[in-house]
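Shared between the two complexes below is chain A, which pairs with chain B and chain C, respectively.
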Partner chain A sequence: MSVKLGLIGAVAIAAASMSPAQGDTIKVGIIGTMSGPYALFGQNFKYGIGAWVAEHGSKVGDHQVEFIYRDEESPNPAKSKALAQELIVKDKVQYLAGLYFTPDAMAVAPLLEEAKVPMVVMNAATSAIVEKSPYIVRTSFTMWQNTVPAAKVARAGGARKVAIAVSDYGPGIDAETAFKKTFEAEGGSVAEAIRMPLNTTDFSPIMQRIKDSGADMIFTFLPAGPPTLGFVKAYIDNGLKASGVKLLSTGDVVTEPDLPNIGDSGLGILSTYHYAVSHDSPENKAFLADMAKVGAKPDEITMASVAAYDGARLIYKMIEATNGQKDPEKALAAVKGMNWVSPRGPVSIDPATRHIRQNVYLREVAKQDGKLLNKELQTFDAQPDWGLAKD
Partner chain B sequence: MLRTSLSIGLDAISYGMVLFIISIGLSIMMGLMRVVNLAHGAFSMIGGYLASFALKSAGLGYPLAIALAVLGTIVIALPIEFLLYRRIYRKSDELTQLLLTIGIAFVIIGVANYLMGPTTKSIPLPAMLSGPVDLGFRMIPAHRLFAVACGVCTAGLLWLLIDRTGFGIRLRAAVDNGDMAEALGIKTQILFSATFALAVGLAAFGGVVGAELLPIEPFYALRYMVVFLVVVSVGGAGSIPGAVAASILLGLADTTGKYLAPEYGEFFFYLAVILVVFLFPNGLLGRKH
Partner chain C sequence: MTDRTLAEDAIPARIAIPVELRAVAIMLTLAAFGYVLFPDDLAFLTRLISIALLVLSLDLVTGYSGVATLGHSAIFGVSAYAVGNLCLAGQSDPLLLLVAGALAGALMGLASGALITRFKGLPQLVLSIAVGQLVAALANKLSGLTGGSDGLSGISPGRVFGIYAFDIYGRTGYVFSVAVLIVVFVVLLRIVRSPFGLLCRAIKDDSLRARMIGARVYPRLVLMYGVSGVVAGIGGSLAAINTGVVGLDSVSFERSAEALVMLVLGGAGSLWGALIGSIVFQVFEHYVSAANPFHWMTMVGALLIAVVLFAPKGLLPLAISLTGRVASALRSRA
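Right, the complex of A and B next:
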């Protein structure tokens, strides 16, 4: 009996999906890390877009908007390219978005002009991505954007000799270059620049090396994930914190989901970043309320959800500007120079680079009502992507 | 200079001991039961999750949490042994073993991701073991000294168990000639189940003690598997002194490399592996099979 019912159900669903669409449906393909070690960030894409839809509905004018999710899993350019091709050819998406990893975004970029599909990058943080196609716009951040203020903070805080330790891959090298250039221009010196392999688990020897270099501050970048915890713990447990060596990082190292694991010994760690979940503004409060509505737990929210939320805003704007027609030039023109107040603060799309201009905040790990958070101390207004800004 | 060498040596031994505790269970499985258990890391991970749960949600103390993690992992693993592993002991071909055990690892990863979420779960240390200890010439995390102590105890107790007890004698008999042992009245099936439980228990213990270096998250199960397998093949499957020697040697290669030339990554680690395997094809202290 139940088998029969199931069959009827399946036939009904198949029939429904084959019948011509009512009105028209604009499809948006999202490529993100839905499974695997970085699944948290794919989830955040989904939550962020869900929060936008919960707030603004699933229609733009008469056009129904449908988001189709695909799983990029890991840095896997070949797979991401295949997924993008499938979305464009088979699902006939009008927009692409998402992309957690730089190599994946780079692999998709060459397809866009030919297919006339604009792409909103919601994470991948290497500066050069936006230069790979005129149809790319980015709502996340770049390493340069977050690192240049860090170097200024370090110098202003009295650091003279810094040890830089970064993960040995594209964004890590971006961070190292950006920090070194800015810090030396401000009159500081770099005692040691260490590139750590991505799969490092034991950071003790690196801490020992930094200690021997006589640096008074460490600047670090590691991609958010399990190793960041090991790095911070090694810093504390090898006595560097106790002996007065300061730790400064980009916010990736102290993401909110990791803070409870770092624990109270992390208090006082400094970082520069474009979004803190604790950011105090009415926009952020509304955003967090919408996030809760779509099922995001408070300790799972990261910067990727805000980038996705703002990315969905751009997609809606592009659909509105083109009235649902496939016209990438017009769509891009509509978002260039666009400005609004995001949950992270006031932002705008730089018309020249198509990258988001935003405030970068200096934050400190602090405890409030028994909960660890990144407390904002200082604001650097409207930072461009320093890696692209010509000087 | 002396100070630096001492300091590197200390880091190497403590890292090596963590590798040893986790890998020795795998070594026993491979050496004594001829099973290449790719799900070994998954059992370490289960141990870590249980300890994290016991400490953070159930509010138990650290020693109790370790006991719960070890016993709990064995309880979870025994039905899997009964249904699946029992079929691949000793005689089955390697491909079947690999496919089955990696399948088990994937299932455990999926379940862990579903139940516990993709984020890292910490195992809070008691006050006595957290923070740095001043050794005069350098500071070292107290927890690392604890890991070294655990490693030394584990090695000693295992050696006693396998070399000096009736259980060990019967086990080695069953390994060397299963049919003959069976004919002499040794219940090999029970022996193998007990050894499996021992291996899984050691995996869980290592997962908890090593969590500071290898943090617990769903992909733990495969992320570090290569390192564990390397320790076993360099040391020689089934040999306890071999596993100790391999762990310390590899710990030393890795730590020295990272200290002196971090940009070379794992170069020195794998260079050591290649040299050892080239000079000793059966591992440092392995037996020919």
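Right, the complex of A and C next:
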């Protein structure tokens, strides 16, 4: 026995000394909202990556993969850029990933080409991000992608006059433009378009303005986090729901962790989104089981974990394609056009935009077995990023 | 405060080296240590310096003149935005940008000083918060000038003296920032010991008595605010030049409050205190947030509680009293 072990050891040592690439560690820097009001989503990055590693191991070939987490805290472009710079210069990461907020992703983008570091955006949803650097690929979603189906649904559902209320920053403005353009093209009209500062916490005045505008439907986008709950609560408490004004949003506003807080009064709220935790597929079941293994509670899982899970897939693929060498061109070439079945459904990376093409689902807040969830009603197949797509 | 002033003035008489020269020597040594020991952290150290300038600026009005303010980041941020816009408009010489930022800071300092120093005590504090919030709200609203929540990005300053380019490793940025900090610090050392600086201190100690001996209190305070504005403006310009992005965080209330915390941590009423406070706080925050990105805020909170409990006057007075005690103990043994 001991002889056998010794032999294995000798072989291992010999093998190690033969190839210098063996046993090297490839570092991946993850920048996410790890603390503060948006901490849930940074945690989701970690869970999603953890679930991937639990399933596929922490090695790609001979290369050990190490994830380094940093806290972007809030929309803080200066801090995010500094964090990225430090990850590149000090920690010598070969890949960057994460980025919850658009301004933060935009700030990091100019560094990538100089540093020859590819970046996988796991949330930030403004269309233009991928255009800021050829080294960016995105596994989350864009506002255009989720909003265009929303506007179609609104029109098909009989809405004529819509009030739009969005957060006043990149993704919000994207959502407003996308909705307005699609909705008006389908023959509807926009009664009011309100841009709310990101740090708004009191939504009553906004509800009053919507009431006064005489709209029969509200379309809204706020980045998933504490304010979305405030918005939905204000919508219900100010009597808009009772008076028959419908609420349509991107799924950011009704993320699963918020549903219990919205309560039964949220039943019937419509949203279009690329991932519902309740999505019924074997891939999603396996994913949720892996998530549970790394300690994610069922009530904490959001779209950010799926984007991170798929993002980790891309990173592994890039490491495999470059055999651990720093070769961003080769790495990106390997993931362009890649397609697979994600927990959210079939997806692919659009080779032209480097953005993920995916199904978008129309969902409704519903109760099943005493639990609130986003029930999928309708599927829009293989949606590209409508903000960038040329076709 | 007063006894330390005397002590500071007494030392050069004994050793006969001007305070300024000693300051330059100490800071050059520190900067060289930073460069050699942490070659991979230069970007962080550069950021630290721009915030240190904000804290120094705050020290001038709070520590030296007794004006309580929680809106100082307004000056810092306005300058950063001004520099950002100027750079985007095509003026990319770093020195020119620095001067422009200092000018914007001076104007902003004089304007907010003229308003804030009219009042005293709590109304003054509230007014300073109001000024800060007003600027923050404007920055959010005027997205044509500031980029709103998306921030102002794509700022790429040219080479220093046309030779040294700002790169990802932050070497140029670090040397540039250290040079600026040293110049500002030396000038400030002179200003706070000048008749004007001493008068501001007198106003802080007892404004009524200062008035009785013939000082015109209000214009002095406004002027000091202007000087402080220049320093904060330089800090803001450095931040914009080095990071290439200006976000809403640079005018936020948190930035103002954090600066005040750093000042109190190091010891208000002394330039060295401001410097030490900003270094200790930011280095601590930097390491803790890297070591545990999920719960680092708790540890920063614990540090602050510890300092308030054990060194209520700040780290510098604590250090001075400790070295004093050790020295006297040694002397008594000898």
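Note that the second predicted complex is superposed on the first by the 368 of 391 C-alpha atoms of A that agree within 3 Å, B and C clash if a C-alpha of one lies under 4 Å from a C-alpha of the other, contacts with A are read in each partner's own complex, and residues count from 1 in each chain.
Note that a contact is a pair of C-beta atoms (placed from the backbone, for glycine too) under 8 Å apart; a residue touches a chain by one contact, two chains touch by 3 or more.
All figures in this text were calculated on a predicted structure; none of them were measured in a lab.
Chemist: Superpose on chain A as described above, then tell me if chain B and chain C fit or clash.
Modeler: fit
Chemist: Does the superposition put A:Arg313 against chain B (first), chain C (second), both, or neither?
Modeler: After superposing on A, A:Arg313 lies clear of both chain B and chain C.
Chemist: Look at A:Ala39 in the shared chain and tell me whether it touches chain B only, chain C only, both, or neither; answer first, second, both or neither.
Modeler: After superposing on A, A:Ala39 lies in contact with both chain B and chain C.
Chemist: With both complexes superposed on chain A, which partner does A:Arg344 reach: first (chain B), second (chain C), both or neither?
Modeler: neither
Chemist: Who does A:Arg70 touch here: chain B (first), chain C (second), both, or neither?
Modeler: second
Chemist: Under the stated touch criterion, which partner chain does A:Pro197 make contact with: chain B (first), chain C (second), both, or neither?
Modeler: The answer is both, since A:Pro197 touches chain B and chain C.
Chemist: Using the superposition on chain A described above, determine whether A:Gly263 touches chain B (first), chain C (second), both, or neither.
Modeler: first
Chemist: With the two complexes superposed on chain A, say which partner A:Ala78 touches: chain B (first), chain C (second), both, or neither.
Modeler: A:Ala78 contacts chain C only, not chain B.
Chemist: Go through the superposed model and pick first if A:Tyr169 touches only chain B, second if only chain C, both, or neither.
Modeler: second
Chemist: With both complexes superposed on chain A, which partner does A:Lys246 reach: first (chain B), second (chain C), both or neither?
Modeler: neither
Chemist: In the overlaid three-chain picture, find the nearest pair of C-alpha atoms across chain B and chain C and give that distance in Å.
Modeler: So the smallest C-alpha to C-alpha spacing between these two chains is 5 Å.
Chemist: Which chain A residues come up in both lists, the one for chain B and the one for chain C?
Modeler: 35-36, 39, 43, 168, 197
Chemist: Please give the residue numbers of chain B that touch chain A in the complex, ascending.
Modeler: Answer in residue numbers: 4, 7-8, 11, 14-15, 113, 117-122, 124, 130-132, 134, 138-144, 212-215, 217-219, 223-224, 254-256, 258-259, 262-263, 265-266.
Chemist: Hey, which residues of chain C end up touching chain A in the complex?
Modeler: It is residues 40-44, 47, 137, 140, 143, 147-151, 153-154, 156, 167-170, 239, 243-250, 289-290, 293-297 of chain C that touch chain A.
Chemist: Any idea which chain A residues touch chain C in the complex?
Modeler: These residues of chain A touch chain C: 34-36, 39, 42-43, 69-71, 74-79, 81-82, 85-86, 88-90, 102-103, 106-107, 110-111, 114-115, 167-170, 197-198.
Chemist: Okay, in this complex, where on chain A does chain B touch?
Modeler: The contact residues of chain A facing chain B are 35-40, 43, 168, 194-197, 199-202, 204-206, 208-209, 212, 225-226, 229-230, 233-234, 236-239, 242-243, 257-258, 260-261, 263, 265, 299-300.
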